[in-house]
Every structure is written in structure tokens, then in C-alpha cells.
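What follows is chain A paired twice: with chain B in the first complex and chain C in the second.
And now, the complex of A and B:
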């Protein structure tokens, strides 16, 4: 049997396909503005990598903020539950998950494989991947590089942790003062780590701590978070995939609770297509 | 239009809560608008006024009020002043403000300066329930009576006040009966339906409200298809919800709202007024002491757990009798009084093994969507 999890995040879409034992195929690609029209393509591409047909997949779960736009998913589950399950599958000893995504940041407490509590940032980009994107942009650097560069600093600049826009203004001020780029970046990563630490601290950070999402790929953020927490955090081989993995794990669990007949019936009615809210001609070609 | 009955009538009133009051005004009745749970509706009714609860509007962007109020203030009271500045309550004959919280206090004073309701009264509600505070509050209630009497055109009588107390005690008893129908699983009334009924009865005369409640109770007791069973049964604690966009979002995420402790809900109805020989005595005690809102300070008792039990035992009883497996704290952004109480109430519930979801929301229908993930995750967790 095969199970798929599709995690449509604000920035990146992730797909995981599993059999009963292991991950057999994955996909990571930008979400873009038109994710409503591409969820089916993403799933198909993931399946093609291992020569699987869509009809061979037994259960599909959609998660992430775009989860409501996956018409062929058999269930939608919030990304909080999916992340928790995915991380717990890789690291059974996890107690605290810190997920730094494109537009939100979450802390999840896990106890015996169950979610005990969670916390999310509200309506502010500070503490999220967007903060790093904007900073990289302001400095004219690639997002992938800024974490590494920050590690070279011996004297991190003081940057406030309150607001992305204010932080951006502070960068310009520090630049005009002649502060080195690596020191500015170190200050920014430290500020971001402090902000995340404060938020997740509300639900008590306990060992083992696993860092996921795009933020987990940033060495600078990881370093300052570890310094703040006081011990190393764990990061999966591919930290972007934990939500989609959790969705695929849950898909297996859900399928296991259904009879073969019900499962076959459900699959028969599933159509691999994109969501359309509007008449295509009225949105794709506004000039017509 | 008014051949609608029960829930359908409540849904109709909810769509334009002030419509009935405007109709009555056109018939020559006097309308008194009041803030919060604290001004006694009995006094307004005894003097011939139709009391209506002043509401904000989550659908209306705040564009006027921020010139008069700081944005660090509760979004609900900013919204109330905003819709009032835009004329929604211009038809009121009397405005009764109250020092329920600092937000209500500010709005009361600004209302008096700029909105010029023919009668404008500010009810000074003490922040403790000591004997001296209750005496003080009793005097304030007499001032309210005197002020309303000047503009009402009718003379005050103790007898009319006693009748009003009976009338509203009946309403309270009907509200409790309606909520009791949600003890069963699945509940008979959805949170959105309940909210429509609560908003309605606060905005129409008590007799009409009582008939409406009787109709609704009969209707839902006999219904075959109610809200249905969802993943979790929750209690909502907090200041208030006055828009079904919020309750619908919660219910869509797989949660049955079965009971609440909020101001547009049980908090305004849960306890009766004692029929004391001096009706002002019963009113003062009921409104100041027996309404449990964090805006009133209560003496700290013994150890912390004894103190929490003294203050929140009623919540434990509600949670048990309505068999809830989760609690949602509805905090309107910048509501200090509820915000400060979060750690206490959360600890109390978690100690009895009931998980809590805390959300500070912006009192705006356009800001609801980001909350969906939280409600859904909470439902998945407790379900």
C-alpha cells in the first residue's frame, strides 16, 4: 500500500510518498501564488519519480495553509498535528518541536507521541522565515548564505527583536556606522533566536528539542538557538519534509482503520485535479 | 416579517439587532442602551425604558474611534465607539455607561462628550465586592434611577421594580434551561444558534425575549437534527463573542461549543436577583457580587489552590455538568482584565486535566482565518 502527505506551506510545497515501512519518494518546490492549480502536479511528479500511478495511492492527507485547496485529499489535518507526527516518527524521544516556517513559527510540546500543547506567533512576521528573507534581500545576499556568513562574526551587533521592519532600519543604521556584514547578520540571527526562544519558552522547552522548517537549514539560527537553550537541538536530514511526512504517517494510520471495500470506494471517487474558484477565463486573462 | 419564530426569529433579529428597538422607538417607546453586564436592566425597565445591550461590530473596520481612543485599548470597546460615532446608536433616549473596565469607562466619558444622548449616565461600579463597596454601589443604582426618572416621563415605583426583577429572573431561568439542553451529547443547540439567541434577547423587550426563549426551547427539544457530534466539547471562557463568524469558525474546525462563561452568554444570566424587601439591595448584591467577571477583585483566600478554587469553582462545575473536554479562552486583544487572569484560569483547568487553548483575537472578521489552524489542531488534539 502507498500513502501520500502533501504539505502546502506559505513558501514551499512538500510531498512525501511512503509504503508501509519507509519513505519512497519526496518533492520540494516553491508554492507560488498559484498553488491552487498545482497541488495535483506536485503529487504526480512525486509519484512519477518511482513509477507509481495516482490510483495506486491508498490514502492522501493534505496539510499546511494551502490544505483546503487540495480537492483530491482524503482528509485535511492541521500542520501542527502533522509536524508533531512527522518529527516523532524520526525522533521518538522528542519533547519540544520548534518549527520556523515561511510565515509562521510554532512551538509544539510532545508527550508520549501525543501533542500536549502548542503555540504560534500571531500576525507578525518577526520570528519567521520571512524575517530572514527580507534581511537577505536588504543586504543583497542569498537566503541560503546568510546563516553561514553570520557564523564568522566575533562581535554580533545589537539588533532589536521586536519587528521585521524596525530590524531592517537598524541594519541600515549599522551599515552606515561601518559595522561588518557578518556582525550584523550574527546580531539578526541572535535576535531571531531570542524571539523564538521567548515564544516557545511559554510552553517550556524540554529535551529533546527538534528544529524543523526552513529555519532549521540556517546554521546561524541553529547556533544562537542552541546557545540560548543550553544544549544541542536535533535537525532531521531534510527538515522541510516533517509536515508532509507526518501527513503520510497519518494517512497510513487512517487507511489502516478502513475496510478494503471502503478504501476502494473512496479511491474510485477521487479525482486528480486542481481547484478552481473562478471561471478560468476570467482570472487567467483579465484583459479579455 | 415577524411571523418567524424560535431560532429563525433569533437569526433575523441577530442580523440587525437594533431594528426592533428602532421600531419600538417609532411607536413612542423610550430606548436605553447600556454597556456590559453591570447596569441593571430591571431599573431601566421599571421606568418604562426598553434596555438594549450596546454591541460592537466585527465586520466594521475601526476608522473613527481611533481618533478618540488609544489603539492599545480593547478592540471591542474601540469598535463600540466607532459604530456609535458613525450613528448606529443615535436613536437612543438614554445611554448608560459603566466602569466595568477601563475601556468601558473611557467610552462612557467620550460618549457623553460627543454623542449627546438625551440622557447620559455613568454608573460607577466599584472594583471589589466588600460590604462597603456594595453599599456604595447601591447608592449608585439609586442615582441611576433618579437620572432615568427625570427623562422617562414616568414615576418610579418599588412595585414596578419588583415586577421587573421577577420578569428578568424568569428570563434567567429560561436561559439556564436552554443551556441545559446542551448537557447531552451531541448538544441540541450549536454555539452559533445560542449566540444569535443571546444577542436577540439582549436587544428586545424582556417579555418578547422570554417568548422567544420559550419558542427556542420547544423547537430544539423536539429537533431531530441539531449541530451533531464533533470531535470535542468545549467551554468558552473570556470577555465575549458577539459575531457568529467566530463561533462558526470554531464549529467548522470540529468543536461543539456547549457552554460558555462570557458576557454575551451565561455570565449575564446565570444568577438571579434575590427578591429583597428593598429591591436595590438585591440588585446591588447580584450585579456587583454575584456576577463573576475578572473586573471585580475578590479577596485572596488561603493557599493558591484554595484561592483558585474559591474564584473558579463554578467553572469546574460547568465543565463537569456539560462534560467538556477542552476550554477555549477567547481574549479580545488588549483586554487587560481577562488577559491578566489567563495564567490563573489556565492552571485551574489544567489541574483538573482539561486542556486549554488561548487565543488573543483582533475582534475583526477579516482577521479570523489565521486562527483556523489553531482551532483545528486543538480539535485534533482533544478529539
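And now, the complex of A and C:
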């Protein structure tokens, strides 16, 4: 049997396909502007990599911010549950998950594989991946590089503002004072880590701590967070995939509770098509 | 009589004025473009040229703004809040409260009869309500900053923004455009959100009789009208809202240095 999880995030879409034991294919691609209608293409591409047909997948779960726009999914489950399950599958000892995404930042407390507490910021860009994106942009650097560069600093610059807009200005001011880029970056990463630590600290950070989302790929953020927390945090081999992985794990669980007949019936009714929220151009058919 | 100069080197714009006694002789406004020193030199020279003066004619320079420390001449520095307060009192002697909508920060200042600061609220922790978001959205909509006001006034169905965060408002505006929202409704919604934030700031220092608005935001007629509607009061708007801080800087410099006028 095969199971798929699709996680449509604000910036990146992720797909995981599993059999009963392991992950057999994955895909990571930008979500893009009119992203949601690409969901079916992303799934097909992931399946193609291992020569699987769409009808061979027994259960599909969609998650993430664009999950309601995946009409062919057999179920939609919130990204918090999926994330938690995915991380728990990779690290069974996890107690705290810190997820730094493109648009928000979440803290999840896990106990015996179940979610115990949860906290989230999606109202302010400080403390989210968007902060790093804007900073990379302001400095004219690639998002993937800024974490590494920040590690070279011996004397992090003082960044007093948490607001992304103000930090942007502070960067320009520090630059004109002649501050080195790695010091500015180190200061910014430190400020971001502090902000995340304060937020997640409200639900108490307990060992093991797993860092996920795009933020987990940033070495600088990881270092300053570890310094704040006081011990190393765990990071999955591919931290972006935990949501999709959790969805695929849940898909297996759900399929296991259904009879073969019901599964076949459900598969038959699945529609693999694009969705769009743009109004289709009616001028192409003036007679209609 | 002598000549005095005021410089306001802001994060976005640099402003200069030349004053003689009670009269503003000339002014100049330039983008700072992150090069504060160059901007300060050029903007002062431009104003001097317009007034047919040279640098040596100046008796004193007053300065304020984020980039004031980059000015290469001797000057008397004053805080942005006291300069706005003094400058707006010079322009409108009856004023009690001034709302300054700048690039980075929005301030609401209560002004005494002598043009001193009685009380003040600044959004220094979060850029919500500041002028920066107008620039961001103008870029998203591919229009000029100057066009926003006129468009906003046309809207009769303002878009509702769910967060005050200037960064997320950009993302939200893009989603709304994708869904087919009209430009004017997005701008009007933005003005609405800013006006509400500014109103909550005014409430902290209590409303007074005469209110003025200054800074770059005061040039946006849509924002001014929306704030007027939200606070249920008409606002005084300077002919050139960008230079009130520079005027205040020049006036305070003279007072501080004890030169007899």
C-alpha cells in the first residue's frame, strides 16, 4: 500500500510518499503565486519519480495553509498535528518542537506522541522566516547563505529592534557606521533567536527539542537558539518535510481503519484536477 | 538679523530650511538613499542656493533626525519630537496636538503654548501605523506614492487587514490582489488600519482642541481624510509637511545657543 502527504506552505510545497515502512519519494518546490492549483502536479511528479500511478496511492492527506485547496485529498488535517506526528516519527523522544516557517513561528509541546500545548505567532513578522528573508534581501545576500556568514562573527552587532521594518533600517545604519556584515548578521540572528525563545518559553522548553521548518536550515539561528536554551537542538535531515511526512503517517493510520471496499470506493471518487481562485476568462467563449 | 539653517536627516528623506528671523527663505528636500552625509551636504547647499546665500552667511545650524550624526558641520542637535513640536507651533500657533507620520515612526505629540513637548506617544517597537507601509504597498500595486491618496478617496469598499504588521500587510495585499480586489479598496483599507492605530495612540494622551498632521503621511490626502473621519476632527496640514522638523531644528538651535534675535 502507498500513502501520500502534501503540505502546502505559504512559501514552499512539500510532498512525501510512503509505503508501510519507509519514505519512498519526496518533493520540495516553491509554492509560487497562484500556487494552489499546482498541488496535483506536485503529487504526480513525486509519484513519477518512483513510477507510481495516482490510482495506486491508497490515502492522501493535505496539510498546511493551502490544504483546503487540494480537492483530491481524502482528508485535511491541520499542520500542527501533522508536524507533531512527522517529528515524533523521526525523533520518538521529542518533547518540544520549534517550527520556524515562512509566515509564522510555532511552539508545540509533545507528550507520549500527543500534543499537549501549543503557541503560535502569525501576527508579527518578527520571529518568523520572513524576517530572515527581508534581511537577506536588504543586504543583497542569498537566504541560504546568511546563517553561515553570521557564524564567522566574533563580535555580534547590537540590534535593538525586534520589528522587521525597524531592523531593516538599523542594518543600514550599522552598515554606514562601518560594521562588518557578519557582525550585523550575527546580531540579527541573535535577536531572532531571542524572540523565538521568549515566545516558545511560554509553554516551557523541555528536552528533546527539535527545530523544524525553513528556519532549521539556518545554522546561525540554530547556534543562537542552542546558546539560549543551553543544550543542542535536534534537526531532521530534511527539516522542511516533517509536515508532509506527518500527513503521510496519518494517511497510513486512517487507511488502516478502513475496509478494502471503502478504500476502493473512496479512490474511485477522487478527482485529480487543478483549482484556481482566479475567475476564468469568459471572453474566450462569448456565446456562453 | 542673521541666517539660520535647519536640517532634518530622516531615514527616507533629508530636509533643509533657511530661516531669517520669522521667515522661511527657502527649503530643499532630497531622498536620503542611505547616504546620510552626502544627502546632508547636498540638501543644505540646495537650500542655500535657492536663498542666494553661501555657507559662510549662516550663523547657526540646527539638526535632527536619524542621520543627524553624519552631518559634517558643527551643529546644535535636538530630538525629533521637540523639533516637530516647535516647528508645527511656528506654522500653526493654535495647535495642541500634532500627528507625525514619518517613514519609520508615527508620533503623536502634545504641544504646549510655547511649542514645547507636553506629552508624546511613539510607536518605537512596531512599525504598524508608520509611513513605511505606504511605500511597500505602492510598490506592490506598482503606483507612485503620490497617487495613493486620490485612489483611496474613490473607494467605497475598503479591504480589511487582519494584522497591523507592515510585513504581513504586504503579503495580505498580494493575496487580495490575486483574489481580484481593486487597488483603491486595498489602499483605503490600509489607510483605515493606519488611522485606527493612530487613533489608539491619540487616546493615550487624550484628545485636544486643535490637531495638525505632518510628515510624509500628511501628503497623502486619503490618509488625512481617513484619520479625520476616525478621530471626528479636522486636521491642519502644512503647505509642505516634510519641513516642519527642520524648521523646529533651526528655531531651537537659536534658542539653545542664546543668540539674541
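Quick note on the criterion: the second predicted complex is superposed on the first by the 275 of 288 C-alpha atoms of A that agree within 3 Å, B and C clash if a C-alpha of one lies under 4 Å from a C-alpha of the other, contacts with A are read in each partner's own complex, and residues count from 1 in each chain.
The rule is short, and it goes like this: a residue touches a chain if its C-beta (ideal position, glycine included) is under 8 Å from a C-beta of that chain, and two chains touch if they have at least 3 such contacts.
These numbers come from a predicted model, not from an experiment.
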item	value
Which of chain B and chain C A:125 touches, first, second, both or neither	second
Chain B versus chain C as contact partner of A:115, first or second or both or neither	first
Residue contacts with chain A in the superposition, chain B compared against chain C	C
Touched partner set for A:79, first chain B, second chain C, both or neither	first
First, second, both or neither for A:179, with chain B first and chain C second	neither
First (chain B), second (chain C), both or neither touched by A:165	second
Chain B versus chain C as contact partner of A:203, first or second or both or neither	neither
On chain A, the residue positions that both chain B and chain C contact, one per complex	122-123
Contacting residues of chain C [partner chain A, same complex]	11, 34-36, 66, 70, 104, 124-127, 130, 132, 163-168, 171, 174, 178-180
Residue ranges of chain A in contact with chain B within the complex	65, 77-81, 114-115, 117-118, 120, 122-123
Chain B - residues contacting chain A, complex	355, 360, 362, 367, 370, 373-374, 376-377, 380-381
Footprint of chain C on chain A - complex, ascending	10, 33-34, 103, 122-125, 130-131, 134, 161-166, 169, 172-173, 175-176, 277-279
